[in-house]
Amino acid sequence: MSESITLIPNNSLLTNTPEEGRQLAVKMARLIIKMTQPDAEVRDRLRPTYAEDASMLIAIGQVVATEFATIAKANDYWK
Amino acid sequence: MSESITLIPNNSLLTNTPEEGRQLAVKMARLIIKMTQPDAEVRDRLRPTYAEDASMLIAIGQVVATEFATIAKANDYWK
Amino acid sequence: MSESITLIPNNSLLTNTPEEGRQLAVKMARLIIKMTQPDAEVRDRLRPTYAEDASMLIAIGQVVATEFATIAKANDYWK
Amino acid sequence: MSESITLIPNNSLLTNTPEEGRQLAVKMARLIIKMTQPDAEVRDRLRPTYAEDASMLIAIGQVVATEFATIAKANDYWK
Amino acid sequence: MSESITLIPNNSLLTNTPEEGRQLAVKMARLIIKMTQPDAEVRDRLRPTYAEDASMLIAIGQVVATEFATIAKANDYWK
Amino acid sequence: MSESITLIPNNSLLTNTPEEGRQLAVKMARLIIKMTQPDAEVRDRLRPTYAEDASMLIAIGQVVATEFATIAKANDYWK
């Protein structure tokens, strides 16, 4: 497993808007998968598996929701 | 994966009522699925799979509960 | 999917007691399932599936626990 | 599904000690299962299923951990 | 199910260090499993099942992470 | 199960940056797996299993997200 990839873009949890915070949550979730499976070819092969599996799509939603909770709090909910 | 879709309607976590907050939680959960599987035809094909599977219905409830926790806090629980 | 059903009874997270808060958590969890699967006949058919499956009973407990965390906080733990 | 059973013993999240708080978390988790499956005979039949299944034992641990998080906070961590 | 076992060693969530807090999280997670399956022989039999199953190892990590969140907060993150 | 391994590097949740906090989350998640399965040979054998399984990659993401929530809060979100 390579850990030399960047796990948090711009090294910050702060974003200007909720939308950008949501995109960051998605990116952070993907980067953990990229770190655990650094081979792009394997990741490409797995894509149709999860993108056409209702159960995995829901599980991805769960991860993003969890990451977003942290980011939203870091930004004081953009209030 | 297309990321050009809007992930948070109105770019805000603030809503007038708990009911609207709950609807936002549902929408945010769905938009992650839409982003991960942008093909509407595939999503339509998956619908009966999860809507008639008790296990997946429960998992959807888990995602919505997690999104709602964030939205409720952002709105100071509408107190 | 119909979204015209009410997702939060009385449009409020506030309850008089922990017991009522717990009941609200159960109702909120069920209403998400109802919204995702609006056909009462299908839901009735699924009931024995999850009510006799240890794994699903535990998963339901997980959803209720998550909803309750939000409701309990909204009520400042009824202190 | 019967909802006439008590979901929170003593209708309170407050306990004297962490140990009692932990026991409350276990009870609250079990009461949701009892409410969802009110037939004691069915629950008895399911017991060996989850008690001898590593995966379900872990899932039960997850539910208890989530319930306990709420109870611990309600008690200000018994500090 | 016997509930006479101790669920929280020393009846406290407070520890001197993060490392001790982490060990407490592991112990608390294990004690719930022990309470649910009090037969040591069965637990011994299950050990190779989860210790050689990637999916269960990850699930154990999830439970410990959840317990640790509560313990870390109780200790104000040892700051 | 050996518990003599270090579960939290440097015995601290505090890091200089979000990126380092994220790396700590990954390490803490791995160390629980290492503690539960101390045999390096078995862990090496399991690696291709989870690294080529979309479902497990997502589950790993869930654990890291949960650990990171705690670390981010401990560091006041590096604000």
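Order of writing sets the labels: A, B, C, D, E and F. Residues in every chain begin at 1.
In this text, contacts are C-beta pairs under 8 Å (C-beta built on N, C-alpha and C of every residue); 3 or more make two chains touch, one makes a residue touch a chain.
Which protein is which chain? UniProt says A, B, C, D, E, F = Hexameric tyrosine-coordinated heme protein.
Here the structure is a predicted model, which means the values were calculated and not measured.
Undergrad: What chains touch chain B and also chain D?
TA: For chain B paired with chain D, the chains in contact with each are C, in label order.
Undergrad: Expressed in steps between touching chains, what is the minimal separation of chain A and chain D?
TA: The fewest touching-chain steps linking chain A to chain D number 3.
Undergrad: Please decide if copies chain B and chain C contact each other with the same set of residue positions, more than half shared, or with different positions, and reply same or different.
TA: different
Undergrad: Through what angle, to the nearest 5 degrees, does chain C rotate to match chain D on its C-alpha atoms?
TA: When the C-alpha atoms are superposed, chain C turns by 60 degrees onto chain D.
Undergrad: Could you tell me the distance, in whole angstrom, between the mean C-alpha positions of chain A and chain C?
TA: Chain A and chain C have C-alpha centres separated by 27 Å.
Undergrad: Centre to centre, by mean C-alpha position, how many angstrom separate chain E and chain F?
TA: Roughly 16 Å, centre to centre.
Undergrad: Please list all residues of chain B that touch 2 or more other chains.
TA: 50, 55, 59-60, 62, 66, 69, 73
Undergrad: Are the chains arranged, by touching, as a line, ring, star, complete graph, or other?
TA: Its topology is that of a ring.
Undergrad: Listed in ring order from chain D, and going the way that reaches chain E first, which chains are there?
TA: Cyclic order starting at chain D, direction chain E: D, E, F, A, B, C.
Undergrad: Which stretch or stretches of chain B touch chain A in the complex?
TA: Those residues of chain B that touch chain A are 1, 3, 6-8, 11-14, 28-29, 32-33, 35-37, 42, 46, 49-50, 53, 55-56, 59-60, 62-63, 66-67, 69-70, 73-74.
Undergrad: Under the touch definition given earlier, write down the residues of chain B that touch chain C in their complex.
TA: The touching residues are 17-19, 22-23, 26, 50-52, 54-55, 57-62, 64-66, 68-69, 72-73, 77-79.
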